[in-house]
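Below you'll find the structure, written out as structure tokens, and then a few comments.
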Amino acid sequence: MADFVQHLINGLAAGTIYALVALGYTMVYGVLQLINFAHGDVMMVGTFMGYAVAKSLKLDLHPSLWGVLLVFGVSMGGCAVIGFLIERFAYRPLREKPRLTALITAIGISFLLSYGFQLDFGFLPGASPHAFPEIIEPAEWLPLFGGEVVIRNTQVISFLIALLLMVGLQYLVFRTRFGTAMRAVSFDHRVAGLMGIPTDRIIAGTFMLGSALAAGAGILYAIKDTAVQPLMGLYVGLKAFVAAVIGGIGHVPGAVAGALLLGLVEEFVVGYTASTWRDAVAFGFLIIVLLVRPQGLFGRMTPEKV
Amino acid sequence: MSDVLLKADRASIQFGGLRALTDFSLEIRQGDLRGLIGPNGAGKTTAFNVLTGVYRPTSGDVYVGARRVNGKQPHQINRLGLARTFQNIRLFKALTALDNVRVACLSDTAPLFPVRDAAGLGGRVAAACNNYYDWWRAMLLTPGFQREEADIERRASELLEVMGLSHRRDEHARNLPYGEQRRLEIARALGTRPKVLLLDEPAAGMNTREKAELMVLIRQLRDRFGLGILVIEHDMKLVMGICEHITVLDHGETIATGDPQAVRADRKVIEAYLGDSYLETHPASGALA
Amino acid sequence: MANAGPASGSWLKAALPLLVAVPLLAALQPLVSTMPFALYISSIVGVNIILAVSLNIVNGMTGQFSIGHAGFMAVGAYAAGLFSLRVKELAISGLPPMLSDQLLLVAALLVGGAVAAVFGFMVGLPSLRLRGDYLAIVTLGFGEIIRVVVQNTDVLGRALGLSGVPQRSTFFMVWLWVFAVVLVARRVANSSHGRSLWAIREDEIAAEAMGVNTTAYKVRAFVISAFFAGVAGGLFAHFVPILNPGSFTWVKSMEVVVMIVAGGLGSTTGAVLAAVVLTLLPEALRTLFNQFGVGGSSVDQVRMPVYGLLLVVLMLGRPQGLFGTTEVWDVLPRWMARMKKRLA
């Protein structure tokens, strides 16, 4: 029973991180019908930004609320800028071209970032993992089952931060003008443009938002796993995308549901078999979903207009 | 009294809450030249899509020949003898005119396993084996395969000639002028050896001379190939000029059917096109076009 | 693309390329086998050409987006490798050992290709029915699943690798298969099947309306492409001493994608050239890098971000790649005719 609860907690923790990244994927797919392969790598860049801030200001020596806010703020803000730049210079010129072109570009950027950061050159971190400074002083908050299962403060704080970000996003998407415009663009970007919505700005904003959330996810991941290395974006990103597809690509709450589900399934499969199967779980799950219900849990099959 | 080649029996389709087509019924026999008209958004192209299998009707039936084709794939319905053109030209732009038609000219190959029933599992496996065998013959470039390819080229060239496009054989389809692109789409559709031809706004964007030529051409095609033809068109002169029978749609519903004279004078039709205020201000006038 | 198709029927026309290629390769074989480095490089180049040309059938001619080609290569490699391991001690009686070995190698390659083709069918059939983007994710996932399965399976050597596969691959065998895949690609492209694939690439709905069973054709292309990837893997297994899953990662899949994108999606000629250049160039630069040493990064490390940059620059500047969809055998006759006119 203790094992089960431990797996449950771990699964939810991983799931919330996947959720924050999946939201970026699903929002961008919603407005552009593009799988932004580079999304996970933007997360990685954000994590390293946070790493740089924490390391240079030696925030692990004096863990504080301000330190945490600074790390999150810098990495999320920095990623928003990166997301904007990528969209502006790599995707926007290709908007009227066939989708394949933009897809290939996305993969190119993904490679550029993930393997570029692996180079041992100048400010680039290099291939070996770095230890992320502990910006939150770890403490055991809630021992269960006589100490066999421990809920740490980092886990609770992570969960709350993730929840806060998701609630914030929900508010943004459903209660602000920007959010309504975003949803309009995701239905039909040409018509939205004709209705006076500045589509370019909305799309740029969507990218910035998604990238910021991904950066937040990256910092949470770093807090959880401590080790950060340039290829982390690829795997987390891919799994988050799988989660978005499972929930129904383009469907915002679906992405969260899919991500939590994936986190749990992954954790339980690994827990009861062996950790070497971890990476295969996400894709296996995906293939099963695509076979049984290709539109995902919450998605709708849209017939193409002839 | 020839057999019915294409029949829609109270076919309807609904997209969520939107009833795009309601109780659509139609019959096409060999030699028929019928028209389908209606204001924009009336559901004409939707009707084509239902007939050709792009959409599955939510109720009602579609028959090609004697076979009920609800839910069949478009390529299966095409093989049963129904071909179409598209409202927004959908040629294979990077392919030459000849290749466009050749894609449609399916070869008559002696299959490895005779397929009795293409729907069942056995039939599908046999069809797949036939297809792999045919790929194998293509890779080996067997003399039999070479003959079939030559045959396809001959048939495609003939169709280009019929449509007056022989001089464009080696041109990429995207380089053709608009009117020729429309003719090429018809040539391509004919390549599938249909019994019924559905033309979706074949005259759109053409000038008066081209339209007149098209009218003659459509009749010639009907006579030469023994087809039944259904035309969607906005140009009233063309529709009244060549169609022997017209169905009028509005908001997915059939509001009138009959010969051109009757339809032209029908109050509901005039209302649909010109609005009921027109009739109030012009009570005496009756005719459309 | 120019109009394509054969003019008349005869067995000679069908067999001619083979009659030319086999003696040529047999003649080159003893020469190359004396230079081990040349043999190794030519084998790697050959394998990459087979991968590029086969993927081009799916991504180029049919316009799909499969990015898990290394997965099929892996399946073929391990299947062929295991087969050869099992029959290592056997020999076909009555034949000289060299010939017997080569025939067993061919058997192994066919096994590898067939197993890969079966996987191609299993992966392709469900995913090709869905929207285009999904194929990318599924093929990517497939590659990853294969890697994880290998790493967890004892009989496949886990992460340490499968050793002991008889190193029977020769220059002749590798390049015979290179020749085969190029010939197949060309003949398919010029046939009604190829035209149907191009039609699917151009406009799937119109193709469907013209009687082309688009799903079936996509699956066929996928299966044949997987077959050749499996053969490439099988060849690879017979000239590398240890077979480990690290050779078949997503990075390898992307290398092949970069090759066909740079060469021109749909052009077999482009795929061949890009495969040759992108295999030889890093090797040539390797010595250069060792001399200058770019901050501790090796050629293999720098290669990856450069590929990424190459993709972005290509898509923004020249998305049709080097050759677009043109082929040397289409362009050459016209060019030669023009030359003749000028010289006359």
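Order of writing sets the labels: A, B and C. Residues in every chain begin at 1.
The rule is short, and it goes like this: a residue touches a chain if its C-beta (ideal position, glycine included) is under 8 Å from a C-beta of that chain, and two chains touch if they have at least 3 such contacts.
Note that this is a predicted model, so its numbers are computed, not measured.
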| item | value |
| --- | --- |
| Most widely separated chain from chain A, with each centre as the mean of CA atoms | B |
| Nearest-to-centre chain - CA centroid comparison | C |
| Chain centre separation in whole Å, for chain C relative to chain B (CA means) | 41 |
| Length of the line joining the C-alpha centres of chain A and chain C, rounded to whole Å | 34 |
| Mean-CA-position distance for chain B and chain A (Å) | 48 |
| Sequence positions of chain C contacting 2 or more other chains | 205 |
| Where chain B touches two or more other chains at once, by residue number | 54, 86 |
| Touching two or more other chains - residues of chain A | 306 |
| Chain C residues touching chain B - in the complex, by the definition given at the top | 1-11, 13-14, 183-184, 187-188, 191-196, 198-199, 202-203, 205-214, 216, 220, 224, 325 |
| Contact set on chain B toward chain C in their complex | 52, 54, 73-76, 78-79, 83-84, 86, 90-96, 98-99, 102-107, 127-128, 131-132, 134-135, 138-150, 152-153, 169-170, 188-189, 191-192 |
| In the complex with chain A, residue positions of chain C that touch it | 63, 65, 67, 126-127, 130, 132-134, 136-138, 140-142, 144-145, 147-149, 151-152, 205, 250, 254, 257, 261, 294-297, 301-302, 304-305, 307-312, 314-316, 319 |
| Of all residues in chain A, those that touch chain C in their complex | 33, 35, 90, 93-94, 97, 99-105, 107-113, 115-116, 118-122, 127, 234, 238, 241-242, 245, 274, 276-277, 279-280, 282-284, 286-287, 290-291, 294, 304, 306 |
